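A, B, C, D and E label the chains in the order they appear, each numbered from 1.
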Amino acid sequence: MSISNMNFLERILYLLQRYGVSYLKGAGTTLAIALVSTAIGCLIGFVVGVVQTIPVDKKRDSAAKRGLLRVVKMILKAYVELFRGTPMIVQAVFIYYGLSQMFQIQLGMWSAAFLVVSINTGAYMAESVRGGIISVDPGQMEGAKAIGMTHVQAMKNVILPQAIRNIMPQIGNNLIINIKDTSVLSVISIVDLFFVHKSVAGALYTYFESATIVMAIYLTMTLVTSRLLLLVEKKMDGDANYELVDTMDIGNQLRTIRENDGEGRRG
Amino acid sequence: MSISNMNFLERILYLLQRYGVSYLKGAGTTLAIALVSTAIGCLIGFVVGVVQTIPVDKKRDSAAKRGLLRVVKMILKAYVELFRGTPMIVQAVFIYYGLSQMFQIQLGMWSAAFLVVSINTGAYMAESVRGGIISVDPGQMEGAKAIGMTHVQAMKNVILPQAIRNIMPQIGNNLIINIKDTSVLSVISIVDLFFVHKSVAGALYTYFESATIVMAIYLTMTLVTSRLLLLVEKKMDGDANYELVDTMDIGNQLRTIRENDGEGRRG
Amino acid sequence: MLQVSHLQKSFGNHAVLNDIDFEVCKGDVVSIIGASGSGKSTMLRCINLLEEPGGGAILFHGQDITDPKVNVPAYRAKVGMVFQNFNLFNNMTVLENCIVGQVKVAKKKPEEARESAIRYLRQVGMEPFLNAKPRQLSGGQKQRVAIARALAMEPEVLLFDEPTSALDPQMVGEVLSVMEDLAKQGLTMLVVTHEMAFARDVSTHVIYMSEGVIEEEGTPEQIFGAPKSDKTKEFLARFRNTSI
Amino acid sequence: MLQVSHLQKSFGNHAVLNDIDFEVCKGDVVSIIGASGSGKSTMLRCINLLEEPGGGAILFHGQDITDPKVNVPAYRAKVGMVFQNFNLFNNMTVLENCIVGQVKVAKKKPEEARESAIRYLRQVGMEPFLNAKPRQLSGGQKQRVAIARALAMEPEVLLFDEPTSALDPQMVGEVLSVMEDLAKQGLTMLVVTHEMAFARDVSTHVIYMSEGVIEEEGTPEQIFGAPKSDKTKEFLARFRNTSI
Amino acid sequence: EEPAAADTKTEAAEDTASADTTGDKKVLKVAMECGYAPYNWTQPDDSNGAVPINDSSDYAYGYDVMMAKKIADELGYELQIVKLDWDSLVPAVQSGTVDCVIAGQSITSERLEMVDFSNPYYYASVVSLVKQDGPLADAKGISDFEGATCTSQLGTIWYDVCLPQIKDANIQPAQESAPAMLVALESGRTDLVVTDMPTAKAACVAYPDLKLLDFTDTDDDFAVSDEEINIGISVQKGNTELLDGINSVLATMTVDDFNSMMDEAISVQPLSE
């Protein structure tokens, strides 16, 4: 049967049968880039967010340290503004083709892809992390400082774990944005799900049919990931209740610890 | 001088001279859609975020109310997942062309543009708002409930004002995302900044030169908006210090209030 | 007017309240004393329905407010609460904290609300700080604003959770005299307190809680003068040794 | 070992501390009493550099710690603090709260830290709650964990901001006896308190603050027995009437 | 990973600089969208002699691929098809990341400033597509299109030259791809699109309710110069060696050769199955 005689559903089935593998491979590419880049981007975002919230102590910090901090903060600010502020598609072209043309630096297309998406995610996450940090009760920072923690220690042990909880919905947003935004990487030859769609639509001129398929695949991917992230949130919240410790048992526990030299230790 | 003999800068100047007005018009379109849609999207996000955090009281709420709430929440959840989870470009095509083809509903391209971007922003903001709400100390909600506020009153007067402060960086992120993402609207004939770039690059094959120009324009727009939003954040934080009230003066103030029947009142 | 019967509450496996029974009449000032962790705050929170009781009934003017049909916000508007950790609204000034409930819940006119807010703030000596935000206040100042906020709602019953814990003796005296005045005007109060002097001198009734049950209750004279239970005697030992 | 001289602090136009001068020797237990809002917490926070002093000097073992060259975290590790509002780490259990500083700051071995954490928690009766999160604790329980956390750091000086405000008399007794023990072992303590009995019976020195200045200071006998200033007399009036 | 693109540098003028060598054979990297039947498309297998797409498990075929194969064969290159988004075809060839673009690009004097074009490798005719049951279905010439709402593809002579010839036309912004353009027509958002014969024929298969209007050889047709409707192969400016090679291959072919190759492409395009 020729495609012109098929109805909408038959066409979808035809496309799936013919290009099913391509769609799946495209989805795999999309997911791989999105997951890896979101992870790296979150790391970047945390580092940038933490550095940007280091307080400057006019009195105590040496001029050199203050100067350095200022320069670092300015560079990070510029990074955030530059990458947040310009379209990723153009960044990809500049990094992949521009570097090659001007400096003879030839990044592989995969490295370029991970690089572009990661630094973009990092720029957005930096702002989200900033929001997460300001939403943690300032008393937590005071508590940490009072027992002698440095800014970085306090951030790592006390503030960030709470900030992360607050921005989990945001991390989900970013992952989902990335799943969709990797489509711009078709300019550097990455055949992601959306590029597969464009190819199929261009080969068979069946835009709506192919679009329906990719929407379903996108939805599946985003639903699964957002469900997983919700689970992580639940896990982070921990039990609503706690178990009372059998005080008789603690003595035993301590003894066991001493014997095993630290098995089951915490902190 | 022919463009092939120009250097990079000269070409940029040439493009600006020839297409400057088009770039500016494109930027205007981009900014208008991004600003309006972000505003509407934030509103949607707040409503959805608030509804999604309404607690279900198994005991007190009537079966009907619980059922209704459940249905509403499910619909909102579906809305968020559907629009977050699929590419905006495909949504735009379905809404603009699909509705027209299948149901003869002809949305104007501008209405379609505002609609698509707003509901997308709303879907993302709903999650951000959820994050903002969970980051507010639960004691605040208890305080509000204890003086007899309903959930909605407590949200409106106590929780959201604090949540908004926490997600301001996120609102900035969304506005900036929208400034860039309106580019997909070229599929429904909106001539935004990026479409101008594509037209120029396609006509003259001066990709890098044109891209440099649009990057500069995008950067200007995003820098200005993020600067403005930072000012708003500062404003929200209010003064670090407060003025002690001259207690002698309060009596007078009260009298004045009574006379003016409520001028300068608060709350 | 308030009757608690067979009230129960547990968090997970941890039973916090066990079969709590007592009654409060209009104008009563009931002190609730007991060790840290014995369930005093949890009981107040159950009465205000901030915690869902696990069992039992709470009657307010004869109506069981654990009944699903009760309009909870309306009930809460009549039962004020001063929290152990204050829970002032961080996004509002001191004055706004005391106005918002009057305007939004009690639907008073803003200028009227403002006047009565200032009146109550003056009573607790917080008038100079009308424009301060909670984060700019000292512990005792926050506590006084929390008291003013609850009073400004002009409730029928007031639940106080350690309302003077952050106050110096002088201020305690002033707050207590405000409370005595209110009691005379017929306001009913349940006060969780560690100030035995208050329990003894101001209240009409004392409840001693221990590990989730009411170990003993009675008039101040009974509890302080002739406690029956050994636990009560032990609990009061230090207070009686040092301060009486 | 701790010397405060000409300490000043203001928030905006509002001068909170004015020319504060005093000295603390090793093993001293100094009580700081005064009205709500008189600047007691602010002073402790300045000593711990959580607030930047607006002027004056704070000498610790002879070194001015307001000096820019001082390593602040290292100094703070030697000066413990129990906050008025506890500031327990919300993301950790009770046990972790008491371990994290020992491991990360004092670089103790985890198992060692765990043992000493449990020891201090036992002293304040919080052993059964090792696995609870702060939000699951009662007010007094939080306060006791905050005390244990500070003690576990084994500092040279401990700053207490109303360490027994949320505790019942029995628990107050136990915590005070822990503090007395520590004092005997040579720990130096500065205690902001509204417990006049504590100030009178336990401390070696009493400072009475009023509106940002030290109105009077001396031994407990001097302050409670024969206060010189009228303000002090007035402040202590209620306490002396009711409790002595 | 991109196979050792290490020395693929921009000194295009320098002999085969922009062609890699694997083994003894130099590689010719040809960029196209692989999504514009019958010029180039993606298919899941190598039937009909399709060429594997670089870094993908799919295959590319179509008129452009046939041409690329022919050129590579005759010049002794190994062919590598690089699948790229339309937007980046130009930067790719300008930066030397690929050697040439065979993707139905129209040769215009302005574009010649930035890249070099080969001689035409296909002479495309101009036709119009309308809805079979629409008001323009019976048009006998472009004068019947008066006042029509119309569009075409971005950066094509159809959009830039043809549409303005319609009297009082309501020209909508250009569409970025052929499928998008057809969606606009099919949904009723536009009355008329102008494109070339191969695309139009493919479209009529996918959308049976479309009607193809060809006014060639009538007086009432779009006026385009032969030069304008030619499509060429673009190479980096100054890469004369490759350009000369391509031109020498094209010189051996006649218009009939082009047309029969196109007919073959149309006959094997996915839509025709």
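Criterion: contacts are C-beta pairs under 8 Å (C-beta built on N, C-alpha and C of every residue); 3 or more make two chains touch, one makes a residue touch a chain.
None of these values were measured; they are calculated from a predicted model.
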Item checked: Smallest number of contact steps required from subunit B to reach subunit E -> 1
Next item on the list: Return the chains common to the contact lists of subunit A and subunit D.
Entry: B, C
Notebook entry, point to check: Quick one: which chain's Cα centre is the longest way from subunit B's?
Noted result: D
Next item on the list: Weigh B-C against B-D on C-beta contact pairs and write down the one with more.
Entry: B-C
Checklist line | subunit B and subunit C: spacing of chain centres that average the CA atoms, whole Å | finding: 43
Checklist line | Averaged-CA centre spacing for the pair subunit D and subunit B, given as whole angstrom | finding: 47
Check: Whole-Å distance, subunit A centre to subunit E centre, using C-alpha means?
Finding: 38
Checklist line | subunit C and subunit E: spacing of chain centres that average the CA atoms, whole Å | finding: 81
Notebook entry, point to check: subunit D: which residues touch two or more other chains?
Noted result: 11, 85, 136
Checklist line | Shared interface positions of subunit B, touching two or more other chains | finding: 93, 98, 137, 165, 207-208, 241-244
Margin query: Going by the contact rule already set, what residues in subunit E reach two or more other chains?
Written below: 87-88, 91, 94, 180, 183
Notebook entry, point to check: Between which chains is there touch?
Noted result: A-B, A-C, A-D, A-E, B-C, B-D, B-E, C-D
Checklist line | Complex contacts: residues of subunit A adjacent to subunit E | finding: 2-5, 18-19, 21-22, 25, 89, 93, 96-98, 100-101, 104, 106, 108-110, 186-189, 191, 195-196, 198-208
Notebook entry, point to check: Where on subunit C does subunit D make contact in their complex?
Noted result: 11, 33-37, 40-42, 84-85, 136-141, 143-144, 161-162, 165-173, 194, 196-197, 234-239, 242-243
Check: Mind pulling up the subunit B residues that touch subunit D in the complex?
Finding: 138, 239-244
Checklist line | Residues of subunit E touching subunit A in the complex | finding: 1-2, 5-6, 8-10, 33-37, 41-44, 53-58, 82-85, 87-88, 91-92, 94-97, 177-180, 182-183, 202-203, 205-208, 269-271, 273
Check: Which part of subunit B faces subunit C closely enough to touch in the complex?
Finding: 59-62, 137, 139-140, 142-150, 153, 157-158, 161-162, 165, 238, 241-245, 247, 250, 254, 257-258, 261-262, 265-267
